[in-house]
């Protein structure tokens, strides 16, 4: 009832009162935007500006041109593939674990332990994570040593340092992140809806397909997007796991910004960062478009 | 109806155990490898490294900067969580209620800190922090401003999930209709209904602050991870043991946090404010 | 509608002003009096003698150093010896930083009390950033050979070493040359200390491998081919070697500076029998470089640190860590060198090659174009 009335009101030409209300409302967001401008937009602007300067400070497009080199294009493709795969797998496994946890009692110890554990592991990365995985699956790690001693099987462990190994290592922090970030959405599923679906004769599959699935889809997609960006910019873990190669974008950035040997490429690092920002912006635009289509389709 | 309910509960329990056991193996494996390394020696299993670690007083004497790092990180965790909640919850609610067009820009802004790797972000943060140091001094505690920015992507996603699950408009209009001021609305109406989301956001904030190394290190400041790194240079077994100890500490902290926030949850979620179902 | 866009424009304009202001540096505190004297002193005589320098440094009370791991050339002991002798507290930031990060940290923290006072840089980075340094001649300046220092005293070589192969004597047979590492006994065990387009030690490692495979200071292609062969044989692990990876057996063979491998021998004594050898016929050496930050927050302490490093005591402490101090020949002649440590340095067989700047740039270009492509 009320909804219909407000729609017709919206159609009426915007009065001065509406504009004033919007302006006053905007004022309420000033603290957030002021903070973000100072501590996020300013640093980003500095980085983006320096991407267009040489080391000496003269304006140039050379840094952007360097982005077209074969090395960097390959790194871009590898990064997108790695981030996409870990985002997809992390989202699926994370959602599964989040659902499993949500079926436990909300005040019980299982929920607490898993939530806390996922919170901790979501931020566990860098040199220690790489070391832990190499100590588990590397040539002298626990698993290959066990296999060699007890089953006589000599396994080739070099895959750990390539793309598939990276996927495994990245999933270690992607899955817990998904659990933490998706759990509130699953908690938002009212038990009444499940009961309503059942009372209308729906099966579990139909409940998930027609009720819970569409409701959770936007949150699932945005969480996957978060996972994508998370994997894209991971540097410390990648550098510790494979110090020889620069086959990922963050490794290229690390090389450009901190090289003892190849000098004068520090601003190429900033151009690379700009490329990553543009990449995620493109992904976000695609995701927003997809969401709008899906909303229309879901009614 | 009760039959299907019990059947469903059993199926859910089975799924729960299978999924969580597999997850425990996957996540526990590398941690176990770390434990094995920190207790290994040419003569077999030894607790020497861990005994050294537990001698807190001895550590404090030998590494005063480590103790300072712990103190700074504790302060940073509290300040970051507070600033994050104070900035995000009102703003996100506000945007949902009054400024829906700002939603996408805000989402992108809150994803930005995650896209730019920390090693590059530091280059941009340096001039801003030059001003912060000019006004407030070089103490490492002022890192909480940068950390709040770093935590935005995670916190935004978690709180957004929470806000999507409740009917913010109806709740706030009902509260306003009953005469509540806006701060009262945020504190007493919105916040209790998104407790899980706020818990998730705070978890991620605390874990991020306690695990953050790159920005503190590149700005030559001291925090827990920087202190751990220094401690770890003693022996490699010590660095692994200290990392494990830090993970354990963070885990215990987060469990305690769930106790703080969790007790009221059952009462609230048992009767979520479902005004749309009762016109 | 018009007021709305005007307000929007005003907000954007204000934002731009804020961004512009924030991106500029805050007003710098002008150095006056004693601080000014300290920051422009080019030798101890400007202070009125070494004792006056010590007094000025004690007054400042702190020294900020950067990128000095305690097990790198025995820096741990150097720092504690300096601190104990002069009562100046040494704050060691970012021990894992590389030379380029040292320079960018100095730029980022310019004017703040936590900025680094002194640098220990790789040659390439040092020579490229001379406008950041304050010229200073230590008391022993004239004793240092002319080709190992900047004539004005802006930078001076401090210690050097040769590329060596460090190995776990219990896990692998003792290698003598680079060719030995291609044998199947070294499968999955050999690590290079970093990426040669980024890290100085890895760069030198590839050059040394090149020398050992028919290359020269001009031609590093044989070195790159060697590592490709090593990788194809499955002997090369791309892991970053650290004390943890060595102790856990993940990297049983490490190609690194001889003083780093010597440091590992000491650190792992009792746990791992870590030995190191300079490969025959593949001897590549390089010096690191000391410099004082022009905008050092503690200029007197910085200058005292340099005096200490180039004194007999400082040089011998580096020698203890397996590094070859720049005054080693002069001190050996004068008899002030630590004879036992000097004799314990790994033997060099073959003609040692030190790259010139021109060589360095040519090799850098080649590696930049080919390393990633070949290694995949």
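The letters A, B and C name the chains in turn, as written, and every chain counts its residues from 1.
Heads up, the rule we're going with is that contacts are C-beta pairs under 8 Å (C-beta built on N, C-alpha and C of every residue); 3 or more make two chains touch, one makes a residue touch a chain.
Because the structure is predicted, anything quoted here is derived from the model rather than measured.
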* Can you list every chain that touches subunit A and also touches subunit C? -> B
* Pair of chains joined by more contacts [C-beta pairs], A-B or B-C -> A-B
* Structure fact -> Chain centres from averaged Cα atoms put subunit B and subunit C apart, in whole Å, by 37
* **Centre-of-Cα separation between subunit B and subunit A, whole angstrom** => 16
* If you look at subunit B, which of its residues touch at least two other chains? -> 37, 123, 127-128, 239-240
* Structure fact -> In subunit A, the residues touching two or more other chains are 38, 41-42, 45-46, 131, 135, 141, 254, 257-258
* Which parts of subunit C, given as residue numbers and ranges, touch two or more other chains? -> 22-23, 101, 104, 242, 244-245, 248
* **Residue ranges of subunit A touching subunit C (in the complex, touch as defined)** => 19, 23, 37-38, 41-42, 45-46, 49, 70-71, 127, 130-131, 134-135, 138-141, 156-158, 161, 239-247, 254-255, 257-264, 266
* **Parts of subunit B lying in touch with subunit C, wherever the complex brings them together** => 37, 40-42, 122-123, 126-128, 130-131, 133-134, 138, 217-221, 229-230, 233, 235-237, 239-240
* **Touching residues on subunit A, where the partner in the complex is subunit B** => 1, 21-22, 25-26, 28-29, 31-32, 35-36, 38-47, 50, 93, 96-97, 99-101, 103-104, 106-107, 110-126, 128-129, 131-133, 135-136, 141-143, 172, 175-177, 180-185, 187-188, 190, 192, 195, 198-199, 204, 218-219, 222-223, 225-226, 229-230, 232-233, 235-236, 250, 253-254, 257-258, 269-270, 272-273, 276-277, 280-281, 284, 288
* **Residue ranges of subunit C in contact with subunit B within the complex** => 22-27, 64, 66, 69-71, 92-97, 101, 104-105, 107-116, 242-248, 267, 270-271
* Sort out for me which residues of subunit C touch subunit A in the complex. => 3-4, 7, 15, 18-19, 22-23, 98-101, 104, 122, 124-125, 128, 187-189, 192, 194-200, 203, 234, 236-240, 242, 244-245, 248-250, 252, 360, 364, 367-368, 372-373, 375-376
